[in-house]
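Please read through the structure below; I'll follow up with questions.
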Amino acid sequence: MTLHIGLIGAGRMGATLGHHLAYSVEMATFTAIADPQEEAARTLAAKCQVPDIYTDYNQMLAREDIDAVAVVTPTNTHVEVIKAAAAAGKHIFTEKPLALSVADCDEAIAAVEAAGVKMMVGFMRRFDPSYVMAKQKIDEGAIGEPVMFKAVGRDPWRTSLEFAKRENSGGLIADMGIHDFDLARWLMGSEVSRVSSEGGCLVFPELAEVGDIDNAVVNLRFENGSIGNVDVSRNAIYGYDIRTEIIGSEGSLMIGSLQKTQLLVLTKNNVAHDSISGFGDRFGEAFAMEMRAFVEALEEQRDTAVTAEDARAATAIAVAATRSLDEGRTVYLSEVS
Amino acid sequence: MTLHIGLIGAGRMGATLGHHLAYSVEMATFTAIADPQEEAARTLAAKCQVPDIYTDYNQMLAREDIDAVAVVTPTNTHVEVIKAAAAAGKHIFTEKPLALSVADCDEAIAAVEAAGVKMMVGFMRRFDPSYVMAKQKIDEGAIGEPVMFKAVGRDPWRTSLEFAKRENSGGLIADMGIHDFDLARWLMGSEVSRVSSEGGCLVFPELAEVGDIDNAVVNLRFENGSIGNVDVSRNAIYGYDIRTEIIGSEGSLMIGSLQKTQLLVLTKNNVAHDSISGFGDRFGEAFAMEMRAFVEALEEQRDTAVTAEDARAATAIAVAATRSLDEGRTVYLSEVS
Amino acid sequence: MTLHIGLIGAGRMGATLGHHLAYSVEMATFTAIADPQEEAARTLAAKCQVPDIYTDYNQMLAREDIDAVAVVTPTNTHVEVIKAAAAAGKHIFTEKPLALSVADCDEAIAAVEAAGVKMMVGFMRRFDPSYVMAKQKIDEGAIGEPVMFKAVGRDPWRTSLEFAKRENSGGLIADMGIHDFDLARWLMGSEVSRVSSEGGCLVFPELAEVGDIDNAVVNLRFENGSIGNVDVSRNAIYGYDIRTEIIGSEGSLMIGSLQKTQLLVLTKNNVAHDSISGFGDRFGEAFAMEMRAFVEALEEQRDTAVTAEDARAATAIAVAATRSLDEGRTVYLSEVS
Amino acid sequence: MTLHIGLIGAGRMGATLGHHLAYSVEMATFTAIADPQEEAARTLAAKCQVPDIYTDYNQMLAREDIDAVAVVTPTNTHVEVIKAAAAAGKHIFTEKPLALSVADCDEAIAAVEAAGVKMMVGFMRRFDPSYVMAKQKIDEGAIGEPVMFKAVGRDPWRTSLEFAKRENSGGLIADMGIHDFDLARWLMGSEVSRVSSEGGCLVFPELAEVGDIDNAVVNLRFENGSIGNVDVSRNAIYGYDIRTEIIGSEGSLMIGSLQKTQLLVLTKNNVAHDSISGFGDRFGEAFAMEMRAFVEALEEQRDTAVTAEDARAATAIAVAATRSLDEGRTVYLSEVS
């Protein structure tokens, strides 16, 4: 039996996931696309050879032949869409972050649990081959006990001012750090107990006008005593820069690269290579693997690899780290969740 | 109008190209698969959602609705299949090498020209993003005049003894060097005028029993006076190792990497990473780009990016280099073509 | 006129600096060595072809022909030795840290100022060619405005328990972070205004018994609003790991490497290289350059490149970061200096 | 008993070795310098704190208190100087190449043997830590049986036209390849039996006017059947580029790097580092180790690490490879030695 999947949201990220649903996940049928912007839905449907489009996702949810939906709408609509999808009995994949507040996460989780459907959240790095292998090395004991988590998460451009607003993106720390907070929990095998942040609007003054910053560092303390730090930036103009280190008692792991193609250009006293232009360059394969993992979990009727509880925990760290920035003090996770 | 394409040959390489025809080339329809081994054809057809299979490729060639075929049969059958396909009026993509002898190349070329169809040969490296960018840099003058070509082409395993025979693979130099000989002409912008080789059966004595070697170095002299060297090996047990350098009057280019994932494992006094396991790891994207390039050339009714003449020239270098090895002397290309 | 220099302290670090005084600084004469352990002084004097040794440094300070001294005694004796040397009218080079408390720094500074002698402090990284070039790039504007400072400072071994005590080393953050705090001020061009730390004794439980930790992360906020983070660790068992990043508004700099020799060892599916075993491997040349810079500043009667005020500022950051760890809160530099 | 050593030749290379004799080899005394250009001798003597200078090296050789000499004169004077030094009973270190012809090598060897003195030749790469470790790995069996030798030897500049003449430098292949030919024998553990070269004057037409070329590739065949290739170039304008690979039956080794400092400069879509500017950058430490090895062998009265026979063998390969270039054919070593 082939699963039938619908996509809600045909924007840039929706197009990425839709493409993988169409061309990388043979065991599912990509059946329908819903987006209030009919043209976007139509264009993506043509590219992905999807037969049906809707401008109202509720119409799509009403179809009995659709087993699951992928939710790629703006974050502030996630809870509403998830509640509707759960009520319609659809399994749910939702883009990260699940929600910007812990309360919203809880509301989504309650709806999913009440409906008895599965929900997976799009922390695609967990499906990237390098991170998969890192996790495996840790589990095998290759580095002993992990004691420090270091993460770099930097974008080569400023986000839009509208998106930068706290109510839309959660602000810099939530928007960029959420992946690192998820990796931190997953790779360190411990929950974060408190955080302390520093940050500022140092390069793009217009961000300050909408209440956002462009650079931040966040110290982490885990429940088992281990520690960490995450830095996020909007001005890595040299390229999309995602690197992670796990320092262990018997060794360390480093994940990440700054190079896209394998070409080195050597000119007078200078050796240079290109860089990674964005998440598509770096995590294209991970998005495909993520979609496959979602479909496989549904087919095999087992839990998804990334759960709603994972999403809630990452959101809680982001909320605490942002409050730490606002209040200039160490914030305990117990204060926010 | 969508092109309809058939695949002849459902072996390992056929499966690779078939997958790309099915999932990476939206503007063509992958219509049929022919392979004497019905089970192989059936399995691949299922994976690629291809409706029709044949055990006799002539039946497939008889279909009027098929515009083009991809030939992925054993090299020693290429000429026969190409002649049949050309006679049936099909455009042709053929895996490399076109043929093991210059005479066979000429026979294939004559058939294609007589039929007025297009033929492209599978030198997929020309479509790899790193090589594409290298070619562009050279054309832009970034390294001045190219004066030396250096290539490493090493496999991490021994080929089968049956395949190793000269009549099947052309021997080590032809089998592994053909890609480098093609790159040499393409990147240096000059024809090779003479070659001199050294080689030996140094690691796998069983190869000697079927007349093959496992390591060789081939010096190149180009018509414009520039020079080069290609090394090929079957015992790069550390991983699939394809690297190319172009030394120019004003700079140089280096293409290639030994690393697959982005994971560094750091243990006591040791920093290690994995390696590339085979051509799928390294050139997966290039195979997809190659198929797209073939289809686009047909759609736009222009010449293919790699022509039959390119294939003939690379084969001639391989034949000369092998003769140089056999005779322990410098061999001029004029002796073999 | 050649400067005559005496060395106070013939331990491991004294031997390193002594060797450079003897063999890398042609424009000074290395005249005498003082160490209460006569055998250590004698051995080093033989290696460095130094004529005179003393077990009491005051005797050495009494010599009129000695122009300057290098102080490489235990940190908790620095102030006493510096006061004596200043009173004797000698110019002073002192190993880092100048002192473990801001008050001690002030006492040393007062003595030096009263005597009208020059004092330089051993932040040798400022003389390492890679850091020198980084500073130059920043000053040239190559990366625009520096906005984030990131530093890794990790040792591949546990220090001795005696040294680990706060009264001897200042604790992990002071001992290892002091170089990074100095680099932070130097490269960012701004003073640190507040810090927040997390740390723990996670690998070597015996360190906890003497009141120390083995891993820490320290967030920095600079007076100009820019931010940073320093991590320090005792369990980088893969090798001595010193890396620094400066993220700027128009580009970034990364300094550091994990590789000592230029040998890559490639075995089955594995590519590996060695690592850097300690500060001698990494900063050998920097120590020589540092000694030359000290002598040149004296000869040319100008200010030394690293001043006592620099040393005081770095100590203040270390003290604040350690207090942040102890108290679990953000600490302002104004609280400690 | 301390050895007393004299230096013959105070040019650029003499200054390099002299500096190491003075400051890196504690167990010998650098006693005298001879150079027909008195000013050069005087300047170097001042830098190295050497008491005596001579304009006629025979006067220096007449001194009984001098045990050994380092010969750093133009290559075409080596035989004459070596004969005089041997006749005077001095042990001899001579810069590479020993001589440009096999006959000259034989003449020097005969003189040394007749006098019963020791002679070492300056193949300093054998003392570079990376090459030392590579040799050790091979001897330990880490890569199984070495089967292919690959070497890159490229200079970032054109040599002087006077030096480029065959009678002065031996031509490009001899001048630059001699180090690689020595490494080939040393690392592969087998003698070269035949060679074939391609080369040309492709970048600096003025070199052709004095009979030289600027780029060459040389295939090697070893007596044990293994193979190799060496490329040499004068137009590596990106930097001094010395890299070596040993491909073995069970693994491979790669030696070499293109980076000098540890600074990475990241600007828009570009990641760049500097390169190595010349042999001083790359082999400074090796020159010091080489001088120490020479002195230690004399002190311990054992054979030097690199013998006159090693020098003769490398010269023979260079002569054969140059003849191969001239005659466009494979040349056997038996033809030239």
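For clarity, chains are labelled A, B, C and D in written order, and residue numbers in each chain start from 1.
Quick note on the criterion: contacts are C-beta pairs under 8 Å (C-beta built on N, C-alpha and C of every residue); 3 or more make two chains touch, one makes a residue touch a chain.
Given the structure is predicted, the values throughout are model-derived calculations rather than measurements.
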Joint neighbours (chain C and chain D) are A, B
So the chain most remote from chain C by C-alpha centre is B
So, in whole Å, the Cα centroid of chain A is separated from that of chain C by 41
Rounded to the nearest Å, the gap between Cα centres of chain B and chain C is 57
Chain C residues touching 2+ other chains are 236-238, 250-252, 266-268, 274
In the complex, chain C touches chain A at residues 145, 147-148, 150, 152, 154, 194, 196-200, 202-203, 214-221, 225-229, 231, 233, 235-238, 247-252, 328-330
In the complex, chain A touches chain D at residues 237-239, 258-259, 266-275, 277
Contacts from chain C onto chain D in the complex sit at residues 23-24, 26, 47, 129-130, 133-134, 137, 142-143, 250-257, 260-268, 274
